[in-house]
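Chain lettering (A, B, C, D and E) follows the sequence in which the chains are written, and residue indices restart at 1 in each chain.
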Amino acid sequence: MIEDVTFWLSYLTNGKHLAWYGSFQFTIFAALVGGFFAVVFGLLGATLKASRHFPLRLIGSTYSSIVRGVPDVLFFLFFPLAFEQAVEWFVSTQVCTPEAIAAQTSPWPPCKEANWFLGTGEYLLLASVSLGLVYGAFATNVIHGAMRAVPAGQLEAARAYGMSSTQVLWRVHIRQMWVYALPGLSNVWMLIVKSTSLLSLLQIADIVLWADRLGAPNFLPAVGLVHEDWRWRYYLVLFVFYILVTWLSERVFEALMRRAGRGILSEEPT
Amino acid sequence: MKQAEPSAAEASPVVELRNLHKSFGALEVLKGISFIAREGQVVSLIGSSGSGKSTLLRCINMLEIPDRGEVLIDGEAVALKGEGPERRIGDENQIRRIRSELGMVFQSFNLWAHLTILENVMEAPLVVQKRQRAEVEAEARAMLDKVGIGAKADAYPAQLSGGQQQRAAIARALCINPRVMLFDEPTSALDPELEVEVLRVIKLLADEGRTMVLVTHDMDFARSVSDRVIFLHQGLIEEEGSPDEVFGATRSARLKQFLNAANHD
Amino acid sequence: MQAFLDDLAIMAPAVLFNIYFAAASIPIGFVLAVFLALGKASSNPLVNLLSRGYIYAFRGSPLFIQFFMFYSLALSLNVAVWRPLGISGFVLHPLFIGPLVLVLNTSAYSAEIFYGALRAVPRGAVEAARAYGMSRSQQFRRVVWPNLIRLAWPAYTNEVVFLFHATAIVYFALPVIGTQKDLMITAKGLFERDFNAFLHFPVAALYFLLVSLVIFFVFGLIYQRLMRHLPAQPRLRFMPGWLR
Amino acid sequence: QENVRIATEGAYAPWNFLNDSGEPAGYEIDLAHAICEQAGLSCEFIVNDWDSIIPNLLAGNYDAIMAGMSITEERQQTINFSDEYFPPDPSRYVALAGAAIDFEPLSGARIGVQGGTIQADHAESNLAQDNTVISFTTADQAVADLAAGNLDAIFADGAYVDPIVSASGGSIEYTGPEIMIGEGMAVGLRKEDADLTARINDAIAALKADGTVDGLIAQWFDGRGPYYAD
Amino acid sequence: MKQAEPSAAEASPVVELRNLHKSFGALEVLKGISFIAREGQVVSLIGSSGSGKSTLLRCINMLEIPDRGEVLIDGEAVALKGEGPERRIGDENQIRRIRSELGMVFQSFNLWAHLTILENVMEAPLVVQKRQRAEVEAEARAMLDKVGIGAKADAYPAQLSGGQQQRAAIARALCINPRVMLFDEPTSALDPELEVEVLRVIKLLADEGRTMVLVTHDMDFARSVSDRVIFLHQGLIEEEGSPDEVFGATRSARLKQFLNAANHD
């Protein structure tokens, strides 16, 4: 009994498991940074979409509709590659000498100096930007819709009292917009959280990859504990983890909503 | 009914509209409206639903830009550029200055939902007129007391009844110390008992000699509070005059019909 | 250009797999979702709890993980259950277990949409039905359902499109049998052959986009028909809901 | 000292796998250390999915692949191979004990392979007609499906399945013919890195000559071989 | 004002409430209400906002279940089981039958938006009473003509003005050929001119001798159409009688105050 406990304790704390536990930070990092970028791209996209100039409006709505018309996985596979090549191309225009370009035999990169090595850190950043880019398209729509959901009368009243358009924008429009945007942004956040399960497709040794490795059946004592296919148990842990994150996120968004919705939502008498 | 004071006719014009036209798409709502509201006068706009009363009122502070015609506030013409539906505000600074002299009270109140009543009242003086907070707060509280909702200063609009909200909206408009108060159907969203409260406040203002332009459905009220009554019909001023003339000696057949329906109300 | 046309031709059969996955799961998911939504709105505490728990679990966890979990769970039951029943090859086949997980998943998302719509059905319309003496089932069929489906349709359309997109990860989690490859795996395979990311992935994206547009068009037509009672129809808009 | 990044899959014991502490280990890892020492390089391991292991080499995310990769003509069109460091070795079928599979001819069977391997290629061109070929992302997954009875057999590198057969306690056994495919395993390198290829080739040659390679094969493959000494 | 017909007092009771109590949580809205509406009578409920008029009306057809007390329709007590807030409908079949004899017209119309006006009117006769389609359709069209919107039969509710919608709702209620019509503030959502149309229709029904219970804010109308007027105040019947008694010889101080405010309206 005691032996069992110590055995399991040491099994569950071996390096492989520690690496698994450690990989949760990648997931959390990608979600948080991805969420940040999504809001940034969302605000940007919504600004474009609401712009007075047609070309900008076109860019804004093209961005949000094309990206949402295509599965996120496809973007995750495509965007990092495209981004890497774009960076390398940009660097090459700065550093490559004509001789170096001539000397380069392989089709890419233009010259050796322009090559960009991607390690876990870079991949993680790329993944976060990809998440931000994909879900920024959703956030664009949410924020755009929320801006339009602010009752016209609220803005009219501000204008009628002589506020300038920037004052109207910041003191009333954006201030009230959050109430309408938060439910949508909360959805987008949940999307981001769940799409972090795809990080393994981006060459990050994330929680899913480790769960798969740890759960795979093993017959060789040299490799570690010999066991049959245990993957579904490891996946069950991930399943629970994601449910917990969802639950926690909901609580946080509820609190945010209460803050943003003061006066607008509360009807309880003082 | 208020007595038309002889001095009123000679007082200087505060709001003057000259030949105002406004269309929404194909629908021509205002077809050439001119009138003058002088210092201290109360002007009521009446007319059936859709006759353009609200539109007219909103043209005064340029929430709607008239397609044609001029608006003069205190003798100063509001600068506009362009023609017809493309017409735009000409001078942003001028319009902001002028707007802050026109205290608009909306039919649906339009209190800022994210601010408390006190903050609502203080917002424009602080942000637009850039006055001192302490001074504004004292004045705002006094104003709320005056309209009878001093106790609700720290509540949010959603926590107030309709009548209280309407009075808060009046306090908000008053607190910018406007040359003119514009009221759009100040009581139509209220139930009869709340209506009484709000009408009492407006009457108080009228008796103080404040210049007001108001849209109303309530004929008794229009009669008792106004110096001039203007009846709008199909985009034009169909009849205009003192309450006695308009209600007592109605000339237009259409106005007669309207007043009958309103009486039956 | 030739390479582009070649890719189009190669991926044409592959898109059928994505369409199959979506088409196989949407109708069943729809029916299941209606019951789940009613369950969530039910006053029976047990039914209510179960429906809520189910919806929460499937919306709160990634589809990718659900695929892995259900596949390895099904695998671990193979010897004990499926084989004796003689349905082993069938149950573990991606063309079965793929739609199965998709059904479980989409029914949770759709149920939430329907539940939201159910609560948005105008109280007055239902009260009128009660006041005129309709029975509960008459109320549901004659008044609640027509309102519910109209309210839910735009969001449900999005769910269908996103379900279609979700079919892209089926083969990332499940084994590939023979040449049964969907768009993503085909594009990835082509990419691994000549590393031309700028050709293969955009072609796959194009297919996804095209089918999404077709779904929108068809569902939009249905919506227009549903909404003929409103003079000014709000256009069906591509809006994110609570997605996976 | 030049730094060389070497990619491995980490899921193909005993060539490469992640040990209990989560570090890459196995025959190829030991061999790589020996090669690097011999060639005077400093080496670093990167774990990368099998699927994308060649694209990422080309993209410059690492410089070499040692991941149980057999030399094939198709791969040679895009990358260079060093000299082989693991001799050509027959591929084998394994099945659950007692599954009498008729290989004359093989038909109606469910055969599991790892996608993108030479065995997968072979199965696709020779078996797909009459059998169901099921490809998995990792070899481990194929083994899991075999153990759970979802496959009739898996077809894989003999030296990969050998330890599984011996460790399975008789529940998994060899079946069918041995098939010789592939030309041995070698380090995969970018075509333009001729210099690095040469240095690695020299090192491999030296290590073969002094018996280090055979020693490592003996150590990691249970003394089963195949050896270069023969 | 309608003459109280001597025969009315002797006619049989169609709606009878006995000591009705209803609370929402801690708020006791009805504190023991009893009254009788006899065959052919028009009973008006008046009272200030929140006094429980709608709740009382909704108790008659059990859209709200009273906590205590009985409702009798045509002398038949509506079966209820349980106590207080847990009280439930006792017999689903009975309540459905009874409801289909009570034509309710809601303040906000509650027309079924997905059906045309004609379908709205035909729905209950077809689905609840399971009558023949051809016969129902003829009757429905006649009913729509009667309320003056025959031309709108194939329009959807959203395409109609408020007054037209209200009349469609009345037609819908009439088409189940109810023993009693229940009206909840039939005109308060309408503008004055639309109001006139609807009041005309209701008056028509009153003159036909249809039994009606109606909640209204419009005192003039209550006076002109009712046989009995009931003034609710704080959950109790504060005053009750013929219009002449209630409006002409008001006894309760509270009702006097209420009528004053309403007059000012």
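Rule of thumb we're sticking to: contacts are C-beta pairs under 8 Å (C-beta built on N, C-alpha and C of every residue); 3 or more make two chains touch, one makes a residue touch a chain.
Here's who's who by UniProt: A, C = ABC transporter permease subunit; B, E = ABC transporter ATP-binding protein.
These numbers come from a predicted model, not from an experiment.
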Give me the chains shared as neighbours by chain C and chain D. A
If you take the chains that touch chain C and keep only those that also touch chain E, what is left? none
So which chain is farthest from chain C, going by the mean of the CA atoms in each chain? B
Please find the two chains that have the most C-beta pairs touching each other. A-C
In terms of CA centroids, furthest away from chain E sits chain D
List the centre-to-centre spacing of chain A and chain D in whole Å, with centres computed as mean CA coordinates. 35
Rounded to a whole Å, what is the gap between the Cα centroids of chain A and chain B? 50
Between chain A and chain C, what is the separation of their C-alpha centroids in Å? 23
Mean-CA-position distance for chain E and chain A (Å): 57
Listing for chain D: what residues touch at least two other chains? 52, 58-59, 141, 144, 148
Can you list the residues of chain C that touch 2 or more other chains? 72, 75-76, 188, 191
Run through the chains and report each pair that touches. A-B, A-C, A-D, B-E, C-D, C-E
As the complex stands, chain D meets chain A at residues 5, 10-11, 13-14, 17-23, 46-49, 52, 56, 58-61, 138, 140-141, 143-144, 147-148, 163-164, 167-168, 190-192
Chain C contacts chain D in the complex at 72, 75-76, 78-79, 83, 88-89, 92, 175-179, 188, 191-192, 194-195
So in the complex, which bits of chain B are touching chain E? 48-49, 191-193, 195-196, 199, 217-218, 220, 261-262, 264-265
Chain C residues touching chain E in their complex are 122, 124-125, 127-136, 138, 142-143, 146-147, 150, 228-231
In the complex, the residues of chain C that touch chain A are 56-57, 59-66, 68-69, 72-73, 75-76, 161, 165-166, 168-169, 172, 184, 187-188, 191, 197-198, 201-202, 204-205, 208-209, 212-213, 238-244
